Each structure stands twice: as structure tokens, then as C-alpha cells.
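As C-alpha cells, here come the structures.
Two complexes come next, and they have one chain in common, chain A, joined by chain B in the first and chain C in the second.
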Partner chain A sequence: MDYLALYVTLKLALITTILLMIIAAPVAYLLAYYRFPGKSLLEALVYLPMALPPTVIGFYLIIVMSPKGFVGRIWETFTGGSLLFTFLGITIASIIYSIPFAVQPMKAAFSKIDRRLLEASYVLGLSKRATFLRVIIPNSLSGIAAAAVLVFLHSIGAFGVLLMVGGSIPGETKVASIAIYEAVETMNYSAAGMIALSFIPISYAFLLLINRLNEDSRT
Partner chain B sequence: MTISASLKKRLKYFNVDISFSCAEENMLVMIGPSGGGKTTIIRMLAGLTMPDEGRILFGDEVWFDAASRINLEPQKRRLGYVFQDYTLFPHLNLFENAAFAASDKKEVGELFELFKIGHLKKRKPHMVSGGERQRCAICQALARHPRLLLLDEPFSALDVITRRGLREELKSLKGSLSCPIIYVTHDINEALFLADEIMPVVEGKNDDGWMQRTISRQSEEGSPTRGAREPRLALVY
Partner chain C sequence: MKKICRILILVLSIFLVPLNLPAQDKITVAVAANFISAFQEIAADFEAKTGVKIDATFSSTGNLYSQIKNGAPYDVFLSADVKRPEILQKEGWTDGTFIYARGQVILWSADSDFCKAPSWCEALENDRIRKISIANTATAPYGTAAMEALRKIGKWDALQAKMVVAQTIAQSFQYASTQSVDVGFCALSATASPDGKKGCFYIIPEAPDVIQAACVAKKAKNQKGAERFAAYLVAEDAVSIKKKYGYR
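On to the complex of A and B.
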């Protein structure tokens, strides 16, 4: 069994989840609490990766990350290397691919918090930032956890985006879903079956966790 | 220190246009019908709602001045605000709630004893009664050593007995507080019981005749049954 591919998948999903939680929290805060011109445009842009075919996202990421692309060029001047076909490249791809799944549940959790709690916190002398950390975050933990689980599950399932941006380099960019695809291509059904089977308990356990979190947030 | 304010704000159905002041060790009770702009006025004092025009002065400190575009943030006004309904933080227990912005945690314990909720420190807000929650909210406001105390119908959601008890506790506490206190209510008995000064507010304006009109209307309406209908009024008069 291709343990290396499974390892890359889990590493990628874990790093994506952690980074995305940090990136998505301020975006969700902005969308939940502020009104500003162009907000609906920004919101639609944040959710766009959910509505686009993964290969379309992958295509544009190749354009941007290639040595001639905007991000790729900057990266090359500073590091001398390429972003395409690297673990970092697929991490960026994976983050963009999963952004909507992090922002949406977090925004929902933040909007559910009673505005008066925030006002009480301001009157008690806490800055907006301190209020975010001491009032908003602790009162939306189940929403944040749900977002994390969704992002994790979505990341382990990524295929098209990663294949386009990262190719299939063992130990670097070859994730489990790509390993399954390649095993099937070479008619190696038993290898594909082993990896595929390992996904079922992982996904099932996480789904149970989501249900549990949803129940918690309802009570 | 004296708080003095002159405030104007356009609302949907009427305009707030009012001036008042309240000295230290004094309790100003704002009374009037529901929906008359009392909460809006309190929110303007707290810095949660911005007036259209006017000024708010605390001593010689300017909290708000429309002309020179000064609007001090609520964080910097250092006041205590007990809201109409319970706004304790649900993720914290009562003690953590009261100590949320306290400078001295030991004092919070003393306040809890004073308000007779010392045995409930570890309980979460949803596990205690409404009266206990409001006691905790008052502790939370006092623990911060407020320069001004705003109480917006703090007891209106409570039953009559609890309300009367808390009202008395507040009155006895009042003597030991040196800051100005502004208290909002729609209950005339509460106003008469607590106030050093009463300011009736109707549709955003000071209406000194309101109390008189309301009391005489009530006595005209139902002389023999008044006691049964309004037991609290009967207790006072």
C-alpha cells in the first residue's frame, strides 16, 4: 500500500486546515459584522472556488504560479525555485480550493452571536480585537470546529486541482487520491482498493464528529 | 464629577431632543412609556449610539461633541452599564463574568458576598435565576470602578418579589457609590422609591407633566379594583 501518498494527503490536509482557520477567521469576521461597499462582490469571490470546476481553479493557479506568472515570478526572484510541482504549491492550491468551506461555517457561527454581548464587552473596556479573542471565538467554538472538519475532509478529497498544480511526485505532491487514480490506470486494482478503503473510516469518523458538533451548537 | 448631556437624534417615529445633568452621589431616574427613547439616550451616553447633534461632558472631559467631531469610544468612557436583559457571557461562569474587566479579583468576591450570590460563583449564567443573573451583571459593572453607572430597566424581566428585593438592595448600595447613577424604568413606583431626581421622557423629550397625568389617569380609571389590578401601586399609595 502506498503509505507515502496517504502521508502526503494527511500532511496536506492538516496544514491546509490549520492555515485556513487562521486566514478565514478575519475574513469571516469582516463578512459577519461589517457593512461596506462591494461586500457582496467580495463574499461571492470568497465562495467562488466552491462554484468553479476544480480543473478551472487548477488552470488559473498554473497560470499564476508558473515562472512567467505573477506569483511564480516573485517566488522565483526570491527563492530561485518554482512553485509548481512542489508541496508548497499544492498547499496553496488546497487552501484556495477549500476557502469557502472555512469561511461559510465560521461566518454563520459569528453572526449567531448576540450583538449585545459585543457591546457589553466594549463598554467593559475591551478593544474590538480583545472582544474577538475573548468573546466571539469562545462562543463560536463549535462552528469553528465544524469549519475545520469540513476543510479537512474537503482537502483529503482534492484531486483535479492538485494534479494540475502538483503533478504526481511521490513523497512531494502525490496524494492518495492521485495514487488511487494512477493505480487504476495501471490496472492495479488491489493497490487502489487498499488506499480507497483507508478513506472510509477516516471520512466516516469525521462526519460523525460534524453531526455531534452541530447538535452541540443547537443546544 | 457631573455628567451633563444635551442630545439630539432623529429616530424613525420621533426625534430625541433632551438636556440633563446628574451630579455624583446622585441618582437620576429616567421614566416614561416604552419606546419613548430612553434606551437610545442611555446608549448615546455609553457611546454605543452616536447622537446627530449635541455634547456629552463628564466633568471637564468631553465624551461627545458634534461641533468638534469628538466621539470617545465606549471603551474609554469607563462606565458601568447594566442592560435591560441579561448580557452575561454564556461561556463564562458568574465569577469569571463579573471579573471580566475587574482590576482587582478579590473585590469581585466581596461584591458577590454583598449581593448574596457567593455560592453561585462557579455556575454558568443559564444555570441560575434571572434575579441572580442581574445581581451578577451589577457586580460586573461595579467591579470595574465605573465613573458613571447606567442601569437600563435592570429588573424589568423579574418577578415582583425579586424585583422589590433588588430595588431595596440597590437603594442601600446607592449611598456607598460616589459616581452619578442614571436609572431607566417605566415603573413609577420604582422611580419614586429610588430617585433623587426624576426626568420623565416621552417621545424623546423631557415631559414634566407625564407623571402627574399618568397617576391621575390611573386613579380615575379604577378606584375600587385598582388594588387588585395594580397591587404594587396600592402598596405605595
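On to the complex of A and C.
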């Protein structure tokens, strides 16, 4: 049983989820409350990874992150290492791959908040930032939880992007979905079956956990 | 909100516990797919004897090569050809290459009915063959060798419609073994596996020997471990394992 691959998968999915919640919140806020020229263009751009084949995302990430690429070159001058085939590299890939699944439910949750609450907050003298943190976020926890579930499940299922950007290095970039693929390729069906089966309780347990959090936030 | 934070901190702290061994106790090896079975046995033996752990990545030679070009952190590269390690030497990735195995292309089938013809050329003429698997001729050296053999007997173009292209030679064998295809071009090493013994095969004399070279990265994180493995790979114990899997 490839515990290491499962460990990498869970680590990747959790870090992706947490970072994406932080990155996506201001984007969703912008899209939910502001009008500005080019807004529909920005919104389409944010949702683009959902509409693209994972290999297209993987291809461009290789171009950008390789030692000759724009980001890869900068990274190498500062750290001396490569971004491709590292955990950090697949984390970046995973975040880009899942952005739409974080922004969309959050934006929906933010738009649903009663405007009078926000006005009351402003009238009482809270700044926009304080209103965002103390009124909007607490009032849209269920939407944020939904976004977290989607992102988490979407990133444990990622395969093509991660295979292209990360290769398959044990303990670093070999995630469970890649381990299953390789086990099938080498006809090791029992190993493939074990990892595949372990996805079911893990996914189920995380759904239960998020549901629990969701209920707590309402009471 | 506080509760969520507490759970998150708890979960995240799990990941601070390192599961990986420090670099001096392990090496990272990129292995061409035809060598998987033999490599696993060799690696287990090497780990038991030296205490150096091996992390292996298996794929087609071409794919591993392009990963190395893009900065993949492998200490040792076991290619299925001579060409790519030599290019890596010219480019300064490694100081030298050495040959560790010679492989043979075979035509394998799970159904012994397909092996009744006197030669593999005649076996391919069987009307019941609808699909034939071959490894990617651009990235898998065994695929290239199979293609050369088919060109030599003048059947390459005629058989195109039946060809199913696998990404690695291991996948080509997987297709044949699960009978997703009727016959498949595979490596002789596949016949040493339990699944491989269940089928029948022809050696393909027209296919050139697949000469497999390896090299150690100049910038290997664990130079000593990598050199040790390279030496082990051509030493007596490894040679007898390789022989068992049909390498010369």
C-alpha cells in the first residue's frame, strides 16, 4: 500500500484548499460587489481553468516554470533549484487548476448577503476591510465551506496537470491518482485497488467534517 | 470560527512530521519502463545490502529525458537507449554513461492460438488479430526497435490500422496481457513476470538489440549513494537478476 502517495495527496489537497480560500476571498469579493470596466473579462479569465483541458494548463505551466521559462528562471536565480518536479510546483499547479471552484461558490455566497447588513456596518463606522472580515465572512461561512469541499475534492482528483508538472517522484510529486495509474500500468491491480478503495472513506470523512463545520456555523 | 482554526492547525501540524528520509540515506532513480520488474528486485537487494533507500520513478525513456531537461531532480537515470544518456553527457548533466542491459523485443499474446504460426511474421497475418499494441515509437526505445523490425519485413504501413500506441513498453504489455489487444510488442523481460508466463511469445530477430545505458547526475544530491548504485548495477548480484529477466 502506497501510504506515501496518499500522504502527498492529502497534504497537497489541504494546502491547496487553505491557500485558495485566502486567495479566492478577495477575488470573489471584487466580483460580487464591484462594477468596473472589463469585469466580465476578468470573471471569464478566473473561470478559464475549468473550461480548459488539464493538459493545456499543464503545458503552459511547464513553459512558464521550466528553467528557461519566465517564472522558472527567476525561481532558479533565487533558490538554485527547479520549480518543476517539486511539491511547490504541483501546489502552484493545483491552485491554478482549482481557482474556479473556489471563487464561484464564494462569490455566490457573498452576493446573497443582505445589503442592509452591510449598510448598517458602514453606518456604525466599520471600514470596508473590517466589514469584509467581521460581517461578510461570518455570514457566508456555508458558501466558503462549500468552496472548500469543492476545491479539496477537485484537487485530490487532479491527475493530468500534476503528472505533467510534477512527474512522479515518490514522496514529492507522486500523488495517489498517479500511483493508481502506475500500478495499473504495471499490472499491480491489488495495489491499485487498495489506493482506489482508500479514497472512498477519506473523501467521505472530509465531507462529513465540512458538513459538521457548516452546521456549527449556523447555530 | 475558532473551532475551524483549531481543527486546521491540528491537521496541518500532521504535515510538519517529515515522512521522507534525509537525502544522504536515499537516492532518486529514473527508470525506463521495460526495466521495472528487474529494477524492483535489484533495488530491494541493494537497499538490504547498503541501507540506502531508493525512490524510483518509472516512465518511458523519452518522457524521463524531457523531465531531466526540465530540471527533474534524479540522481541516476536508467535509460532504454544509448542516445539519450549520451546527449545528457554532451549537455553536461552527467560525466559518463555505461551500458547496464541489452534487451530484446518480442511479440507476446495472452492467447496461445496466436503463436501457432512458424514465425512472428506469419503469426501477424492471422485474420483474427484486430488490434496490435506497440510502445510509442518516438519516446520508447522498444517501440522504435519494434517499428524497425516491422519496416524490415515491409509490414509497417500495412499494419497501421491495427496499431494501438501505448505510452510505455510496460503499458503495451498491460494491453496485451489484459487482452485489450490480441498481440503486443513487448520486452522479453515481461515474460519473467507471473502474468507474462501465462502467454506465449516470439522472439523478434529482425529487431535490433535494445542497448540500455545509464548515467549518474553530476549534481546528484547523494553522489556517493548514486555512484554506489551505479557500481552495484553492473556487479555480479545484479547481473544474475538481470539474466533472470531475459537481459543480456
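Just so it is clear, the second predicted complex is superposed on the first by the 203 of 219 C-alpha atoms of A that agree within 3 Å, B and C clash if a C-alpha of one lies under 4 Å from a C-alpha of the other, contacts with A are read in each partner's own complex, and residues count from 1 in each chain.
Note that a residue touches a chain if its C-beta (ideal position, glycine included) is under 8 Å from a C-beta of that chain, and two chains touch if they have at least 3 such contacts.
Nothing here was measured: the structure is a model prediction, and the numbers come from that model.
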Determine, under the contact definition given at the top, whether A:117 touches first (chain B), second (chain C), both, or neither. first
In the overlay, answer first, second, both or neither for which of chain B and chain C A:138 touches. both
Once the structures are superposed on A, label A:39 by its partner contacts, choosing first (chain B), second (chain C), both or neither. neither
Which holds for A:125: it touches chain B only (first), chain C only (second), both, or neither? first
The shared contact residues of chain A with chain B and chain C are 138
Tell me, which parts of chain C touch chain A in their complex? 1, 3-4, 7-8, 11-12, 15, 19-20, 28, 33, 36, 55-59, 67, 70-73, 168, 170-171, 173-174, 177-178, 193, 195
Chain A contacts chain B in the complex at 114, 116-117, 119-127, 134-135, 138-139
For the complex, which residues does chain B have touching chain A? 46-48, 73-81, 83, 85, 87, 89-91, 100-101, 140, 144
Can you list the chain A residues touching chain C in their complex? 4, 7, 11, 14-15, 18, 62, 66-67, 72, 81-86, 138, 141, 167-172, 174, 182, 184-187, 209, 213, 216-217
